[in-house]
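Structures given as structure tokens follow.
Each of the next two complexes has chain A plus one more chain, namely chain B in the first and chain C in the second.
And then the complex of A and B:
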């Protein structure tokens, strides 16, 4: 089987399974759960199997020619494969966690179907070599996340879901306009062709601005970020999947794909991105420090950390880009762990208001430790993985941006320590306030412990993902030239 | 050779993991054996020079270790203190909770300290250095149930300093093009290099516990297990911080004599000496008093290194090792008082000298050392620093000598009220501490004497070669003037103490006149309102900042929640008002539209 066909399998196994799942759910719930897990697992295994290929410097492509520049092209380079491996791997653990977490909810068929569909469209987005299909998959992820945020069908939840949809879709429509302008300037929707066509000339500022609006709305960057904390009302695995590990990385990925690999940003826009992300990192960290809802704290933390990833990419230096890739991995692992821990807390203590929680380390020690270690990774404390990512992003920023920008991000990093510790001590330390709470179910605890262990392993064995990140960054910057 | 360096890291690490899971009976023996093995390996490296390098992450980040005379010496010292603390803890910690965690964290800390000392790459150094944060948090937290705010305080203060250090390392990489410590050679001229230097120094002095990064140490003295105090803040943290400070100011950057940064560093040292010792003076708790001295003494080392003179730097190194010896020893005496008398509150202690003679003698020796009394070790290192400080400026010398005066006063107060005088409520039927606790105290006290008597040998043979080319340094001829001044100051402290005890009839109140002196009273008043605690001030500032940021965030959300839907409703409301349903209006619209179309076509 050729590598092009593995791309089809990666993208369409989840999408087809998503259609089968609701029907299967009528027959057997257990079977449906396993099929959902298998679908995601298949995507991960096939993505991982492409690793050796792309790190030899080869590309895997699959193309169906279509009229009007709408060629359906899937293309796997090292950036795409790295991103696909990270998102599908995290999704596997999150789906496993859902087995217990979601088992008390209604509409489980819908849940699994949309989660798997989301992953499939995410894979499609990552591998798309054509802007039209990138946009198509982009909107499918928006629709699935809309359905998943409003999963419980309460009025308030539906409103928040609408807000998320409206904000991301309006951003995406602007981005579509940008894509069309890009097509007019470069004569193609195909990314490789655009790169060749625009090698010597720069593109207009309006096009860049329109595309950036889409990217920032999806990646929840100030001032298009407020849908993300509001979406924290969704079930914990959904928030982990959408808002921590995978969905918000779409914008970051598109930024790397379009503005590093295809058409490098010119200096004014680069400065604009850096400044905006600096403000975003700071404002959301400040909001996280003031917030009292555990999931909103973690959501604000995501906004803040996303800005660090943008910093790494935007400075355009190899160490910064490699750091940003590593950041995507480490932050995904740690933040998914944090959301799932918050899920266990919410599930068992029946509240996520940190002023009413306390002392939970006595009743749920494993969850508390997992939360602490994931928080350490987000803070960037060694020997956890976040440390290396944070250092590399800072080192890149020292070279590729100004000292002031670095100072703002440094302040953001200090606030990170403060708000995560505030959340940890309020929830897990001190007097036990809700005595009826207990440790989560074995599968759920296993999943959070696994994320904590992976964050730790990511630091101690950092050379394995580090080599991939370094190679990918090198490849990305060599294409850019 | 290479495997020995790795062994120094992995052996204590493995033993630490084992201690977390082993049953109680095996745990102590295993911990002691691991500490002994670490000491043995460290001793075998003494004076050796070797390196090992493994590629790690790229971008200059290699897993590279190097041992040379200086780091070998510090590794050996760290191993020695770790061994003594573990030995002491086998008896002291016996009835305490969370013992497995205690031994586990101590051994893993030792492994990380070794890693940081042996690292020849800044990122490897930071990896181990900052990794200590987690262990610091764990070690303080197991002290007691209410200890976690202190643990968080320690973590946050050190974490912020380490973030600065991370930024400093990133900047150094950009300037020097390498992360290998032994290859970096920069000057401190220029804004960027100066900034990089300052950021690295922040990391180093915060680890050493200088002001303004000190404020968790006194809190930890109350909350954390006492062995921890003797282990990290008193000895290993100091060794690590001062070691790195010397590496940055002497090896990696060439700090120039008399430059702004040199004076700034000396000023930090001078302020630390004076302010911390003043706070120490009024403490009424054995451990808290010691912990402020642990801060104050750091000032001497930083001042010595800041002089950029060989005498000052060597004096700083010597003071580092001396301080680690007597301060960990003093904390151990505090531990034996706490264990045997049940309290460290000086209001309740008294007359322990006759009940615990060995502890008392050890305390006396080490108190004399810390006060800088000849012929103990503290005297020699302080003389070197005085010498260098005087050469840089009289003001620095005065700060240093004033520190010595107040140190002597406060130790007279401490020793008198705890060990002499009438027995009080807390000290009834107290017995001498068991052997496992006495041995480490005796060893540290003996080391104070030995390092004092053999100071010339230690300084010229061991410490001077650390400075490289200046290795041919010889101990300067004793400056008789300074020695006489030192002795006068010590005598003044003694006379002051005796007079005050006679006046107040209470050793504990012997320093109160200084507390009530006109200008100084105002300083204390500020300190008592916690203005002096940069942590509280910083948190208050962060509180204001985050309030403003969160307000901004809410305003942005207001745009999406209120403003845009409002505009939308208003706009649609207008549109729907136009569609009123009256035929007449629609006809007017249709006519107007037709006329407009006709006009457009005719044009």
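And then the complex of A and C:
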């Protein structure tokens, strides 16, 4: 089987399964769950199987010609495969966690269907070699996350889901306008063709601004971030999937795909991105420090951490880009772990208000430890994975941007330590306030422990993902030249 | 050969009324639905050449000329699908048998009128057949015969009469200027002289008449009233097709083969288009009545078509024709949803609904598909046509119009979400404990239409190559 076909399998196995799942769920719930897991697993396995190929420097492509230059092109390069592996791997664990967490909710058929559809469209987005289909899959992820946030269908949930959808779609429509302008300037929607066409000339600032609006709305960067904390009302696996692992990384990925690999940013825009992200990192870290809702704290933390990834990419230096890639992986693992821990806390203690929680380390020791390790990774404590990613990002930023920007981010990193420590101590340390709480179910605890272990292993064995990230960064920057 | 599309519905309506009632009351639906189905199948599976290969027997007899091109084919296909949906919706929502029989007959007459409009080649018979549709529609709107229904029908009657006068006067002026009413004669005369004041007046009057009939802003006031008082099944026809015939098809025909586009008219069309898009979308936002919301949405969507026509490039025309088809399908779908909701809840007031998503999952899903397609969310059908229109606008150097058009999608999405939240989300509203899916016929219909929207979205290349490209080509 050719590599083009494995791309098709990666993208369409989840999408087709998503259509089957609701029907299957009427027959057998267990079978439905396993099929959902299998669909995500297939995507992961096939993505991973492309790794050797792309690290030999080859590309896998699949193209169907369409009228008007809307060719359906799937193209796997090292950046796409890296991103696909990270998101599908985290999704596998999240689906596994859902088996228990979701089991007492209504509309489970819908839940699994949309989670799997989300992953499929995410894979489509990652591999799209054409801006039209990038946009198409981008919007499918928005629709699925709308339904997942408003999963319980209460009025409050529906309102917040609507807010998230309206904000991301507004941004995406501006981005679409930017794509059309790019098309008019370069004469093609195909990313490879755009790269060739615009090699020697720069593009207009308005186009860049429009595309950035879409990217920032999706990755919840200030001032388009407000939907993300509100979306924390969704079930924990959903927030883990949307906030931590996958959805917010779409914006980051699109940034790397468009503004590093295809059309490098010019200096004023680069500075704009860096400054905006610096502010975003500080403000959201401050907000996280003030919040009392555990999930909102972690959500603000995500906004803050995303800014670090942008920093790594935008500085345009190899070690920074490699660090940003590593950051995507490490932050995905650790943040998914944190959200799932928060899910266990909410599930068992029936509240996520940290002022009413405390001393939970006595009743749920494994969850507490997992939370601690994941938090250490996000803080950047050695030897966890997050440390290496943060270090590389800062090293790149020192080389590729100014001292002042680095110091702003450094302050953001210090705040990270503060607010995560505050959250941990308020929830897990001190005196036990809610005595009825107990440890989560084995599958759920296994999943959070796995994320914590992976965060630790990612640090100790950082060489393996590090080599991939470094190689990918090298490739990305060589294309950009 | 093509006059079959006109003769068959006409003959069917005649025969159904001549035969004994006991027989025809049962037969009427099947005959009409069969005709619509046959039309859809014939148009979808036969290329343009097939239709021009056979001489037309009716033309010489009545001294009428009919012809078919890519644009007519798209329109005929849309008409067939909408009429079929209307008939099915009517069959399951209009309970009284004699009323249902009248309904079917009126739909047949509208079918005949619309088909003829889509194929005629002279301005006067275009006007005549447009009136045929309008008259059938007055009765359809007033079918309930209560106060509201009569009021809605009366409003439409008066405004339609004004439109009629404007159009008739304009036709007289054209006759004066060119000595004939057929498209080619007028085109020849206008392009020769360049069009003086009278020509401009005639064009303006005709356009005004069309804008009224299409319910474009600022002439849209009758449309929400007509929709909210008409039986839901008649709304399907009204919004799905009858307002799109003048608003999209005739306009497209006029600017391609009657009076050539000039910059002034382009600006006028684009302005009216954008104005309708915004007024319609904004009006829809504040509605509590589901059908009024859809009516405003219809104003806004026809605005996109007119905007694209004003742009005037082949790509824009292709986009306009595509949007004509897509919006016909998605609006039909949404009004069929309205039929289901009205049938189950006895109201179209969205404030009285709530939590119906659990009781009517298929209606919920199809309504979502229709609304998201109207909002232009991929991968549904509406995305592609809007995208093509906006691409064409940008290519033609109209970035402001493109930006407004693209941002209006946010408004569309906004009211689509309000609608979802009020009708389907939340807890089950009081008095709706009995609500369930509205019968197999309607459910099949809405799922079929939703499937069409999804399939056109996924297989857009097929639609574009087979139907939209020919439309773009006829223009220049």
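Rule of thumb we're sticking to: the second predicted complex is superposed on the first by the 481 of 481 C-alpha atoms of A that agree within 3 Å, B and C clash if a C-alpha of one lies under 4 Å from a C-alpha of the other, contacts with A are read in each partner's own complex, and residues count from 1 in each chain.
Convention: contacts are C-beta pairs under 8 Å (C-beta built on N, C-alpha and C of every residue); 3 or more make two chains touch, one makes a residue touch a chain.
This structure is a prediction, so every number in the text was calculated from the model and none was measured.
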item: Contacts of A:284 with chain B and chain C, given as first, second, both or neither; value: first
item: First, second, both or neither for A:4, with chain B first and chain C second; value: neither
item: Which of chain B and chain C A:418 touches, first, second, both or neither; value: first
item: Touched partner set for A:387, first chain B, second chain C, both or neither; value: first
item: Touched partner set for A:398, first chain B, second chain C, both or neither; value: first
item: Chain B versus chain C as contact partner of A:169, first or second or both or neither; value: second
item: Residues of chain A defined as touching chain C within the complex; value: 66-68, 70, 132, 135-136, 139-140, 142-143, 150, 153-155, 158-159, 162, 165-166, 169-170, 173, 176-177, 180-181, 183-184
item: Sites on chain A touched by chain B in the complex; value: 163, 167, 222-223, 225-227, 230, 282-287, 289-291, 300, 318-319, 322, 376, 379-383, 387-388, 390-392, 394-395, 397-399, 403, 406, 410, 413-415, 417-418, 421, 425, 429-430, 462-463, 466-467, 470
item: Touching residues (chain side chain C, partner chain A) in the complex; value: 315, 355, 357, 372, 377-379, 383, 387-388, 390-391, 394-395, 402-403, 406-407, 409-410, 413-414, 417-418, 420-421, 424-427, 460-461, 464-465, 469
item: Contact footprint of chain A on chain B as seen in their complex; value: 55-59, 61, 123, 126-128, 130-131, 133-134, 148-149, 152, 155-156, 159-160, 163-164, 166-167, 169-171, 173-174, 192, 195, 539, 542, 545-550, 552-554, 556-557, 559-561
